[in-house]
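Each of the next two complexes has chain A plus one other chain: chain B in the first, chain C in the second.
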Partner chain A sequence: MRKLISFASTAIFVGATPVWALTEAEGLAQVKAFTLEHNADLVAQAQGLRDATAAYSAIIAAHGGDYSAAWTAEGPALSDAVSTIRSRWLATSNQYETIEGIVAGIPSLVKYDLILDAGNPGTEAEDVAEFDLTLPDGSVLKRPGSLFHTITEPLFWGSDPAHAMLIVDLDGDGQTGAGEMLFDANLALGASEALVFWAGALESDMTAWEPNRNDAFTAVVTMTPTVGDYFGEWKDSQFLGGSEAAFVAQSRLVDVHGIMSGCQRMYVSAIAPVVASDDPALDAAITTAFQDLLALVSETRAREEAGEIFSVEEADALGGEAQDIAERIVAQVLQAAARHGVEIES
Partner chain B sequence: MSLKSQLRYHAKPLALAGVAALAGLGWWAALAPQPPVVGVALSDIAFYRLPFGPDAQGNDRPFWPSLLQSETGLLSDPARLPSSADCAACHPREFTEWAGSLHAIADRDLVYEATVEANEDIVRHPEQGRFCEGCHAPAEMLTGRVNSLVSVPPADALTEGVSCIACHTATHADPLAGNGAVTLAYGRAEAERDGPQGAALLADPRAHLAAFGAPDTTALMAGAEICGACHTEIYDTSMSRAETPQAVQSTFVEWRDSWYGQNGVTCQQCHMAADPAAQVIRLRTGDLTPPERYSHRFIGANHVLTDTGLGEALTVLRGGILPGMDAATTRDTRVEQARQTTAFLRTAAGLDLRAAQRTDAGLRIDIAVQNLGAGHNLPTGVNDQKHMWLEVVVTDAAGAILFRSGGASERLGAEDPAAVAWIEHFLDAQGERIINHLTFATAEVVWIRRPIPARGEDVVRYDVPLAAGVVGPLHIEARLLYQIALPDLIYMNLRRDLSVPAVTLAELSATLPEVVQ
Partner chain C sequence: MKLLAALVMLLLAVLPLRAETPWGAADILRSETGRIERLLYRAQSPARDSEIAGRLDHMATAWHAVAGAFDPAGAAAIDAALAAYVNSAARGDAHAAASQSRQLWAALLIAARAELLAAIDHSDAGRATNWLTIRDYARASGDTAAALAVQALGAGTVSPADARATVEAELLGVAASELRLALTCAAEDAVSGHTIQYAGELGRAVGLVAYLAENLSERLGSETAAAITADLVRAETDPTAVAVLLARLEGYAPVAISANERLRRANLLRRFTALIWEEYRDGVRDGEIRQAMEYIEAQLFHDRAAMIFGDLALQVDDRVAAARLATVLAQIKVLMDARADGVEPLVAEALSLIDDSFGTDVTAGGVAVAFDALAATLNELGLMAQAGDWAGAEMKRLEAYSWFDPDIEQRLVPRAPAMALRLEARFWEGMAAHPGLGALISRQTGGAPLQTEIAAIANDLTEARSRINAPSSALGSLLQSGGIVFREGLEAVLILAALLAALRAEGTMITRLRPAIAAGVVLALLGSFMLWAAARWLFSISTLAREALEGGTALVAAAVLVWLVLGLSGHGGHVAAFRSRLAGVAQPATVALLAFLVVFREGFETVLFYEALMVDAAPGPVLGGLALGGAAALAAGWAVLASGRWLPLGLFFRATSILLAVLAVMLVGAGVRGLQTADLISATPVAWFPDADWLQLWFAVFPVAEPLAAQALVFILLLAGSPLRRAISGLGRKAPAVGR
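Presenting the complex of A and B:
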């Protein structure tokens, strides 16, 4: 599993190199093409995840829904199924994280970010993921929260005890450590199918999206300053000794890097041609600041991957530093936006 | 040659020399480096929003609904505002003391931050948060950063809450209007950057003194008015749902009308005394001698954000380590801040058993809760959160509990309906209680029990039912407990289940052998 996480992390870090564009139109087209490419991968990975959960559910169903009987009869198969599901989940999630910084910043697409990745359950007052989840047994979960981090991640990694059906020794080491359990097959399959559906819906709307300057600026100025919140989630996660159910599959820093890379890509491809046209120094300052921000996240993640355990205080300081850079970027981008008459949808 | 002839002889060259001198001066004035223009026009802040419209005279209200004002009407360039860490080079003691204070973290404290966000989330224009930030983050306000789209870059000076320049450039305050009604001349701080700095400043401190020691500022800082501008809070329709003005925080008026106000004992004489507890004890005896030394700790009643027992969590709650501070110095100054805060709180109140007598139904007890040392009401401030309550336990000769009021834990103290608590409730437009300080939803503020004025007392009566055969002597234990915030505030706004300890302000222990025969 550790190897898998490491591989997935590396994939998202390498895949984030932004592309310089000669003109604004070219850059906007590049951003859209990039997003659609990864959206297609997201759909494909989600289908793979759905297939894996279907296989897992089939084993459970073959034993009449008796998890204990299924484990007794087909323990190794279930263990492999759980492992496959987790690896598929990571691959699916990372595809989305690669484009989240773009999707979540575009006003017409932001609802998908809430449904797939960032939304709250209906019990919260704001940022609710506006969808209901229908499960294979016909039950409906009203406004259950985001598919990745509220539902499937806590489900697959056992940090949601309500849906852990049976504690088992998944890795066969004679012990039952954290996350070693069989989870609710009904919820797993329903949520995976929903991931396929909503990833496809995003692809449709992304295809219809007409890239434009206002959306590009809005995406950068709304998403970049969220970096501090993500560091806060990292600080509260189990990676730093916290108790949050979400962000247990991989470090939140991997997501942070994906999201900020999306912001950087949007800037470098679609906005830099506009800014550089009349203020090359400002463009250079923003470009450098983005590099600094990504470097800070990358270096912190590299230290974590090397085994360094960060204190809460250190996490706060790093988050503060990242937020400071992000706010400088946004201030400069907004100054450019004002100069070019851009309307920001806040 | 006569004098007249000499004058005539030299008149021409003298006149030419004069003209040349004037021309030279003009030339020098034209070519000499000009001091940079200080201040930023509101129109130069990209995307700055004014959602609440102009005032009655048609003027912009960039800080509304806060009553904060910029002396020049201009905003400031964050890059030119000195951080308090800059002041530390020559004023290290003042800086280190201030770094432990609540003023230093007025805009960093996570509970405050989360509460502002919770308030902003329930209104159409997040700029309504300027009401809070006027007092908590004057530098952010005066640079135009309190805006839904922040086009002004951050700077250290902007993270420091009530920093050095917040008080040391103040030129006017209106403590009766409150709501941040203070005028700050940040332009002076910006201009001072062009004067001598570092060692050169010591040789020529005129620009520094002009910026931070101007007569208007010096006079203002000596009185209670500057404190009152922020320690007076009145809700109205501009920032809340209150149809009629609701006095939420009236510390200045409480002080003004008190023995302390009448005798010229200012806020600074207690809260900025080098040893605040000792100063209060002196005042309790009627000794009006001001403190020998003043400190920048601004010792108050926040026993949580000074609680070093929280360990690393305290740093997190206080928003990290301040610019210019290191971990060791931060720890040391917090330890001292905690010690002084605890000592200070213990000087405020007293309990006195006034009566204990047998009645037909049992036992009647009168306990006087005394405000012995606070120069304002007890409790004061925003009392939907800051509250105190009385815990009373009566036991029999065997130690069995016959009666308890106020609960065994601090949480019960806030929620036990039968407890005697000095607390106010924020009510929404439907009359429902708001427990997490949603100012913007508050329609009415009601006291459950009025606070105790300075040098006043509140006698609380308990009728304790006693069963037949109770064996004396009976014993009474009473504690006056204080809590800076309800745990619900932290849980609801910060999403953390953080224990909020209570502080014992005063204790009473008495045995009543004569009450039960």
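Presenting the complex of A and C:
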């Protein structure tokens, strides 16, 4: 599993290399092309995830929905199916993380970020993912939260006990550790199909999106400061000994890097040509700040992956420094926005 | 790990040194101190120490390459701070390094500020822009005033002194906020036992106190400033000193704001906050934008309120209330952006917080606020036009006009009606010789003409302000009050008196029309007061809507009057024919409608004028003036009626016919002009017509093509279809034999 996570994480870190553009129009086009490319990969990976959950559900269904009977009869096949689903989930999620910083920052597309990755269930007061999830058995979950982190991640990794149907020894080591269980096939298939649907819907709207200066500035100003929250989630995650149900599949730092890389890409490609036109010193300062921010996340992730243990103070200091840099970037981008009459949408 | 360290060293060696500029070097120093601080959290190892040494070398190289660009004193301070930092970091002392990295940054800030202000003093905006890169920023408020001031300096639209004041104010404000934040974080770190972070925050506080040293002495006194420095030293070993420091800084605001200035800003804050809901409720219904202009204005007012609160936040003694107000304003923004419900209770809460925080005087608002807001809006208009944002400039023009009318205009009209009229025209099409803001913006004419017009308005406003602020004597109040009612009422009185006189001359029993006229007048007065009360307590009437109402009413009144005049003076010239026609048009209902329209047309605005006059005038003279002015207008009406008793009947009839025709032409001019002011029809100034205040003020004849054309049309209509022609031509001849 560690290798799998490492591979998936590396894909994000490599895929995040920003591209410098000569002109604003060229940069905006590059951002859109990059996002569409990964959106297409997201759709393809989501389809793969759906196929994997369909295979898993078929095994359970073949035994009349009796998880115990299914495990007794086809334990190895189910174990493989769970493993496949998890790897497919990571690949799907990481495709989205690669473009989340861009999608979530564009006002016309932000709803997809809530539905796919960052939204709350309807029981929360704000940032609710506005969609209902219809499951194969016909039941409907009203505004259940984000597909990746509220529904499927806790489901597939067993941190949502309500949908863990049977505790089993998935890895055959004679013990049933954390996450070793069979999960609700009905929910898994319904959520996977929803992922395919919403990833496709995002692709349609992303294709229709006309890149523009306001959206580019808004994306950076909106998404960059979220780094502090993500570090908070990292500190509270099970990777650092916390008890959060989400972010158990891989470190939140992978998400952080994906999102901040998206912000950096948007700045470097689409905004830097504007800022540098009349204030190269400010452009250089923002560019350096993004490099510092990404370096901080990368280094921390590399140390985490190498098994280093972080003290509470150090983890806190890392989050604090990341937030400081992010706030500085936002303030600097706002200076440029004001000078160029750019309207930042909330 | 060794391999990683070697790679880092290699990278540092081959990377191009982006320290050709002081700001580039500052970035390197800040970036490297951050990375070294992270390294110092790790266990000591040769690889770690080697990487730290490499990064310290990188810093030293970057700094020495640009040190000469700084003033020697500033450079020396940076040298000393860098040396102290290098010493700590090289020793692996994480606590000392955390502290001294912040002090190093503060030394850079201090030196950069000196260079920045010197560049501004020399009007070198390009250099100032670069030096402004070495700074701290407002975290939440997104202040951009300093950057915009330097940009405006480059454009030549602000003086170096004004730019310097704006830049200094923002930098000092940010530093004060950062100082409080550093101390607050230090207190939390002390509780959490995060000793390295505590040292870092304390170091930041030490650096910021140095940055603010002069200001702290000025604002808090040298003794308190010295005590703060002593407390910072004590806090190194005793975290309880942090609470003492926060208490010492509780009322500290780095930029001097007088009580009047504080109240002025609070007034503005309250005004803009209240306007958010007034505009939003009309702009958005059921999640949809119903009136785009109102919605945009609501957003503008919110942004303005948030910006002013950013300046005022430190002036609020109750920190909890200040924090809550900041939150409420942010929540309002979120709801407005989502076009959601729930804005009204938040605005109400914000107003309540403002009232509680700044006292009851804050609700006074008033014309002073309008003058300040108008001046700021005109400046923004100029900058937007300069940036080529003509749509934004037009929005600013309308916003500026909404400050002029009603706030300033109502107070100015009683004192200087001609000036009010002229100022109003400047916001719109202006005159042929000097186009107004509306004309210049619609033609996208920026540069000198626009700036000249803005400056001219600013000059007029200065004079208007002095006139409004001049104390009003009892006699002055009496004359102003009388002037209002005479000027606004004379037209209506003359119309009704001339009509009655003409009808009487035609042999009509005008006694049957008197109840109708009385009913129309009373209804109009009631309607005016009801509209005023409704606009005050029930709903808002925008400036443009009020102008449209006034203009539209005038045109309807003109139509009725023309209809009556044409009926009065129909073909034939025989008494029987007149009577026959009059029986058809001069019905009580028609006359009552005319009476209602001519009084209601001016009624609402007259009530507003009196409301404004009562702000700084005693009731006695105002009421006396009202009685005298009303009596004078009525006397004029009586004179018209009475003249029929001694003038030859024919002459009297012709004279009243001409008077009615003139009044109808005036009504048409006022009506078209009102619709132009409401931005419903275009306005084209003409150079060939006299531009005289008295013509405009008393006869509603403006040097503008559209109202002149409409007036000419009505004049021709009356001339062609009536005995107006005969009245004019017969004035010098014997009167026709019309009977009584």
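Heads up, the rule we're going with is that the second predicted complex is superposed on the first by the 346 of 346 C-alpha atoms of A that agree within 3 Å, B and C clash if a C-alpha of one lies under 4 Å from a C-alpha of the other, contacts with A are read in each partner's own complex, and residues count from 1 in each chain.
One rule holds for everything that comes next: contacts are C-beta pairs under 8 Å (C-beta built on N, C-alpha and C of every residue); 3 or more make two chains touch, one makes a residue touch a chain.
No experiment lies behind these values; they were computed from the predicted model shown.
Trainee: Quick one: is A:282 in contact with chain B, with chain C, with both, or with neither? Answer first, second, both or neither.
Mentor: second
Trainee: If you count the residues of chain A that each partner touches, which comes out higher, chain B or chain C?
Mentor: Of chain B and chain C, C contacts more residues of chain A.
Trainee: After superposition on the shared chain, which partner residues are touched by A:318: those of chain B (first), chain C (second), both, or neither?
Mentor: second
Trainee: Would you check which partner chain A:327 touches, where first means chain B only, second means chain C only, and both and neither mean what they say?
Mentor: both
Trainee: After superposition on the shared chain, which partner residues are touched by A:338: those of chain B (first), chain C (second), both, or neither?
Mentor: Both partners, chain B and chain C.
Trainee: Find the residues of chain A that appear in the contact set with chain B and again in the contact set with chain C.
Mentor: 311-313, 316-317, 320, 327-328, 330-332, 334-335, 337-338, 346
Trainee: Flag every residue of chain A that touches chain B in the complex, lowest number first.
Mentor: 125-126, 221, 225, 311-313, 316-317, 320, 324, 327-328, 330-332, 334-335, 337-338, 344, 346
Trainee: Residues of chain A touching chain C in their complex?
Mentor: Counting only chain A, the residues touching chain C are 279, 281-282, 284-285, 288-289, 291-292, 295-296, 299, 311-314, 316-318, 320-321, 325, 327-328, 330-332, 334-335, 337-339, 341, 345-346.
Trainee: Residue numbers of chain C touching chain A in their complex, please.
Mentor: 18, 21, 23-24, 27-28, 31, 34-35, 37-38, 41, 129-130, 133, 137-139, 142, 144, 147-148, 151, 185, 192-197, 333-334, 337, 384, 387, 389, 392
Trainee: Would you tell me which residues of chain B are touching chain A in their complex?
Mentor: Within the complex, chain B contacts chain A at residues 46-47, 121, 148-154, 312-313, 315-316, 320-321, 327.
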